[in-house]
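Scrolling down, you'll hit the structures one after another.
After this come two complexes, each holding subunit A, first together with subunit B and then together with subunit C.
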Partner chain A sequence: MSGGAQLENANPVIFQRSVERLLTASEEDEDVHDPIDDREIFDLIRSINDPEHPLSLEELNVVEEIRVKVNDAESTVSIEFTPTIPHCSMATLIGLSIKVKLLRSLPDRFKIDVRITPGTHASEDAVNKQLADKERVAAALENSSLLEVVNQCLSTRNS
Partner chain B sequence: MKEALTLVHRFGAHPDSRCWFVAWSPNGTLLASCGGDKAVRIWGREGDSWVCKSVLQDGHQRTVRKVAWSPCGNYLASASFDATTCIWKKKNDDFESLTVLEGHENEVKCVAWAPSGNLLATCSRDKSVWVWEVDEEDEYECVTVVNSHTQDVKHVAWHPNQELLASASYDNNICIYKEEDDDWECRATLQGHTSTVWSLCFDATGQRMASCSDDRTVKIWKEFPSDLSWKCVCTLSGYHGRTVYDVAWCRLTGALATACGDDGVRIFKEDVPAGSDEPVFSLVAQETKAHSQDVNCVSWNPKEAGLLASCSDNGEIAIWRFKDD
Partner chain C sequence: MLRSVFQDVHVQSLMLAERACVYNMLINLMKTREAELKGLGPDFVFGFVQSMDGERDPRNLLLAFHIAKNILLQGYDLGTFTEELFEVTSCYYPIDFTPPPNDVNGITKEELILALRAVLTGTPKFSQFLLPLLIEKLDSDVQTAKLDALQTLAACVSQYEDQDLREFLEGLWMSLRREVFQTSSEKIESAALAALTALTSCLSRSVLSTDSEDILSTFLDLILRDCKHHLCEPDLKLVWPSAKLLQASCSASNRASYIITAAVMPSLIEQFHSRTQCSHRRTLLEVVHQFIRSVRTSQSVDIDESVFSEYRAALCSMVFSALSESNFSLQITATSVLSSLAQQTGLLLDSDIQLAVDHLTRLLLTEEDERVSSAVVQCAGAVAEQHPEAFITKMIPRLKEELFSDSTEASELQPGHAVHQRCLAALAAVSIQPSVVQESTPVLLQVLSSAHSGSSRFSVDEVVLACRSLQRIAEQVQDTEEAGQCFHDVIIPRLLSLALQAALQNEGPSGPGSPLTEEQILSAMVPVISTACSRLQPTMAGQTASRVVSLFLEGDVTFLPDNSFPSDLQLLKQQGALWSRSQLVCLLMACVCSLPRNVEVPQVEQLLSQLEELSCSCTHMLSYTSASKCFAGLINKTPLGDSLDSSVQRTMHRVCRELDCPSSPCRTQAFTLMVWLAKALLLRYHPLFSALTDKLFSLLDDPDLGLMAADSFSLLMSDTVDVLNHSCHADIRLMYRQRFFSVNSAKLVQGFSAAPQETKPNYLKALSNIVTQLPKQVQVSELPALLSLLLEALTCPDQGVQLSTLSFLEPVLLNPSAVFIQQLEALVSRLLVLVCSPAMKIRIASIRCIHALSQFPVHEVLPFRARVLRALAPPLDDRKRLVRREAVQARGEWFLLGSPVGR
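Up next, the complex of A and B:
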């Protein structure tokens, strides 16, 4: 995807993946409504591919479960993601991929806010503003080349 | 609240996509809507429900963001993410594509017809506002391109009785334009909102303007003829849980309606007599779950007092009746 050009962050720190979730009896019961919790949202976004490296956002610590906040009763989801370096030019693309994954996976009632972890990026206000503008997001996703790049980030790999 | 907002009719308008905008025809009998399905739909009333009269499908290659009726009601303009503005002419009960206005570099966010019927304004993510002139032979020509904003321009609206144009932008500002020597130029930049200004509208006389923003407030601006400036005279904050996408001032009753990303439709009215330099507006009615998703637009029927249309990300349109005691 980066076309053979020099990688921005050639030697990223790689983090360990968390273990699979253990299901409780209540969660297995079909008749009990499970409120969507932080872990469930994290499970949706942890395997999103980084655009530059053959690694997931979890492995690069770009997303962490502790930075996922869900309120099922109020239908809100808030994600903070941490670019690997403060001048990462992929920050908007990564944020957009997270947003799209959640838009495609969650019920329509959810309000999804994706922001950069405060203090971790040089242009965090500008990136946050774009990600929060649903008209800009909608128009961007009508651009077939950008949509292709996002879909590549969201494609599942054998891991 | 004494005043009530009741649902008259709710219907699916744009299948599997967002409904971005609704606009009543000048005589109040038709409602135009547009959306993510690239279509414009025309709705007509039958009793207390609305039926689809026409679908204008092949005008655009991408989302249609806004539609606007000409003051005479015989033309419709549609603004699209495909960077064009389509002009449609009414023919019996249908519309045919008359011409396509090109020129913007990317998504057109708004189109608005001047009250005179001879001018049209469009704005775009390319940061510009274009003013077009129409002649008697239905020929459209761009007369000015103004670049006063530093970011995406979201909305343009004409003053009801002066040749004055206002625009709202992602740069958090509002610009006011007037004509000088056949050219349109920005006469004032109104700062105050702390995030994207999504929409604005003038009241019946044009002495005041309301704007709404991603900062979750609505601001009321008043023109001070003494120094030809516009100043913010009131800010409505604490009422909206998320971005306010649209504001509409009813020219018959003076009621102010808002469309919000928290799924709510709210109605405000002025407390003290109109014309005060420090007006106070109160929330007089609200429907907190007007739709199951974001409300993108609100529009007052120009002939029937209290009749309000709203539309949502869920593709639905709702018609409300606001009763003012």
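Up next, the complex of A and C:
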């Protein structure tokens, strides 16, 4: 990212990272069953790297805890994310990264729904449609260079 | 002669070894014939340039760089060949060298980099050539080249004058700014900041002359122009890099910090007061805090007035207004700013401190948020170190009032409890200066005595906390006579007296009365006494020890306050089933076992025999364990000689007699004494130790004591808190663990194969107890011998063995060794079985090990990828969140395996 390469949004607004989830006594108790909750899902996706900046999606406010909904009993997750600018060309990539992260981190029983927060992106419908289409997601992940970029966002090493 | 070498020998056409010969010849000549060589003038330099031109072997390059460095440092006349010498060396920059895998010369890239850097930065005369080169490398895309360029820059400017830099300043600044604003790695960012600091401090050295412009302020103007406006946008990304750049230049010199603070402080302060959002204000405050800290590093001793004196009032009002907010992160930041301000000597006025103490006290008493109150306690400690008076007059009386007030909310236990906790913690934190200790410790002692008299509402936990606070004070107070008196003449006698009163009261007809007989509280008193005896004023400690010994042996109570004890105390004899007196032996242990080694314990012989008796006969666990520990602590420090040998042998004899008689009621006690004695001897390498180890190994097969024997190995190998550690001045030899292991590992393996099936787990447990405590290098080097046994341990049904083996494996797996790779199949399949263990901790530990495996060489673990990913799917749906978290991380890493970003 050095040299003259210009970023689409060079000086974005930064948000504070939320604190680590506090450990409760019941979580350490063997006999209690902890359900999967909104915060747990949020913790999965908040540390994903932004494709452009050395920042996490949480710090750019692309994902927020209130836009994460999970129903453990019915095995559904739905997430809305907000691109930093309405013309962000990375929106699909970000959505794909979130989707892949959840596919890798949640049990098979979950149905995962990732979409753009309504009214925050110019080509909202097109992106949502791409992300909802199972076959297109699968096809995208067959593309090795695209998979590489997604892995870059999901890797924990350079953060 | 040289001339003929230079003229007749065409160096680069020679073989490698002969070239090295020429270089060595030059080095020797330079050592012995410096004057003659200098007489040759620039010709020598030219000859050298010609002979090294085109050199390619790293070994010879190291020599050539060495010569070039000497030419520069010893002041040879370069004449017109400055540029040639620069050219011939700089063409190697930046060094890109990877030693061949079978390298025998041991030349590393770092060595070459450093040698070349020494040449390039050797003289200011190179500046006009070097700086453009560095700017060019900074603009490259290669990360290592950037890093090297930044480090070279920081190194070279320390030699340069401002004239050397003048024309390159703008270019350098552009590059540095870009590296920090669009940084891709922390290493490069910090190198860039360090280079900026070096650059600014070089400019600050320039002498101001009336006719020329001030080059420092020109440069700082440049920085301010680019950075200052970003500070006005506290929610945008660039605020942090800008602040860092400014701080880096600010920390370079006093003059720089004046210029920069004058430019940024007013606007920061003004913005803080005009902004309304807490997060903005917090960011601003944080930036201010970093400025204060960066200035602190630059300030020299001889300047009394702080850079910030001008802004004192404004800064204080900022901090106080932030402290009065209800936002916790704002409050926490404010406390750290306050601590930094207090450390600027002579900055804060008394009135500021008074106000600050008021704020801190208020927060302590009212703030419920744990993070805030711990920050407040920490800040109080930092401020009290510099300004003790205000704490003595204001905070301590107020806290005391709070602790002992009979306010109405006393009935609501919960909030009262938390307030008490914070008061006790704060009392400990502020007591660093002896004058404060004089005031704070009486309050803590009063907590103990009122708990004893039963009139107050202090719970056991609070009394324990009061003891902890006393311990903390003993650890941190400056070791002065005043502090020593306070502990040795007041606190220790008072603690002993209270404990004794409680014990006697407990035996009396009114039955169990005082909470001070509780084991929890006694164990909390132990570290107070031992810290004081080990750390404060050795002569006084010796006096305390002799008083305490005569109290325990002869019942001499004259030094205790509230002296109304019966004459016949007999503290070291168990009184039938009553244990409240005999358990006080732990306080004896605290005192006599922690003395510095040059302080002698009186009446050791008698003490040892009574302790042996007590530890072998008493039935109360705390009493006999403490007696054993005390015995061990004394033995460890007894000087070598016949008397030591005979008392050890006598005790061993007695212990073995008890242990060999299966019906003896005192086997556990004898065993405890034996283990502690063994530890005392092991630490000091005493030859009698081996007899005890053999006994211990034989006990692994004992049906009753086998498990205890296995556990005792962890006691032998680990550090103990209350006795036989470094702070108690125990005699501990280096590497006693390795020694123990190397002497005994073979016995253990033999014992395992010979043991009957039902006691095999004891051996595995003993083994894992030993290996987990070994230093890492030893663990790795011993792995080949042990791995098969450890793999066996993973299949052992005992969950304790599984867990300790896993927790041993996890750190070792982080740097993979060849042994694991040979056994990878066995390792993976055993770990994957444990992922479904019924115990949560085992599931977590095994998943962590699998996570560690993902860092192994890719081609070794890639074949397992699909299998591991499949096996890690069920834990994603585990009922425990902690397990799911580990599984998510491990599975994520295994997914990345084989992709370039993975590794």
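Keep in mind that, in the parts below, the second predicted complex is superposed on the first by the 152 of 159 C-alpha atoms of A that agree within 3 Å, B and C clash if a C-alpha of one lies under 4 Å from a C-alpha of the other, contacts with A are read in each partner's own complex, and residues count from 1 in each chain.
Just so we're on the same page, a residue touches a chain if its C-beta (ideal position, glycine included) is under 8 Å from a C-beta of that chain, and two chains touch if they have at least 3 such contacts.
Note that the structure is predicted; figures quoted are calculated from it, not measured.
Trainee: Mind checking the superposed model to see whether subunit B and subunit C fit together on subunit A or clash?
Mentor: Aligned on subunit A, subunit B and subunit C fit with no clash.
Trainee: Counting only touches as set out at the top, which of subunit B and subunit C does A:R17 meet: first, second, both, neither?
Mentor: neither
Trainee: Once the two structures are placed together by chain A, how many degrees is the angle at subunit A between subunit B and subunit C, based on Cα centres and rounded to a multiple of 10?
Mentor: 140
Trainee: Name the chain, either subunit B or subunit C, that contacts more residues of subunit A.
Mentor: In the superposed model, C touches more residues of subunit A.
Trainee: Touch check for A:H53: first (subunit B), second (subunit C), both, or neither?
Mentor: Only subunit C is touched by A:H53; subunit B is not.
Trainee: Mind working out whether A:D108 is in touch with subunit B, subunit C, both or neither, as first, second, both or neither?
Mentor: In the superposed model, A:D108 contacts both subunit B and subunit C.
Trainee: Have a look at where A:K69 lands relative to subunit B and subunit C in the superposition and call it first, second, both or neither.
Mentor: Neither partner.
Trainee: Mind working out whether A:E135 is in touch with subunit B, subunit C, both or neither, as first, second, both or neither?
Mentor: First partner only.
Trainee: For the superposed model, what is the least distance in angstrom between any CA atom of subunit B and any CA atom of subunit C?
Mentor: Once the two complexes are overlaid, subunit B and subunit C approach no closer than 7 Å between C-alpha atoms.
Trainee: Taking the two structures together, which residues of subunit A meet both subunit B and subunit C?
Mentor: Touching subunit B and subunit C on subunit A: residues 108-109.
Trainee: Within their complex, state which residues of subunit B touch subunit A.
Mentor: The contact residues of subunit B facing subunit A are 18, 36, 62-63, 65, 81, 106-107, 109, 125, 152, 154, 170, 195-196, 214, 242-243, 261-262, 292-294, 313-314.
Trainee: So in the complex, which bits of subunit A are touching subunit B?
Mentor: 108-109, 111, 129, 132-136, 138-139, 142
Trainee: Show which residues of subunit C lie in contact with subunit A when the two form their complex.
Mentor: Residues 139, 141, 146, 178, 182-185, 230, 233, 235-240, 279, 329, 839-840, 873, 876-877, 879-882, 884-885, 888-889, 891-893, 895-896, 899-902 of subunit C touch subunit A in their complex.
Trainee: Would you pull the subunit A residues touching subunit C in the complex into a rising list?
Mentor: 1-3, 7, 11-16, 27-28, 30, 33-34, 36, 40, 43-44, 53-55, 101, 104-109, 147-148, 151-152, 154-158
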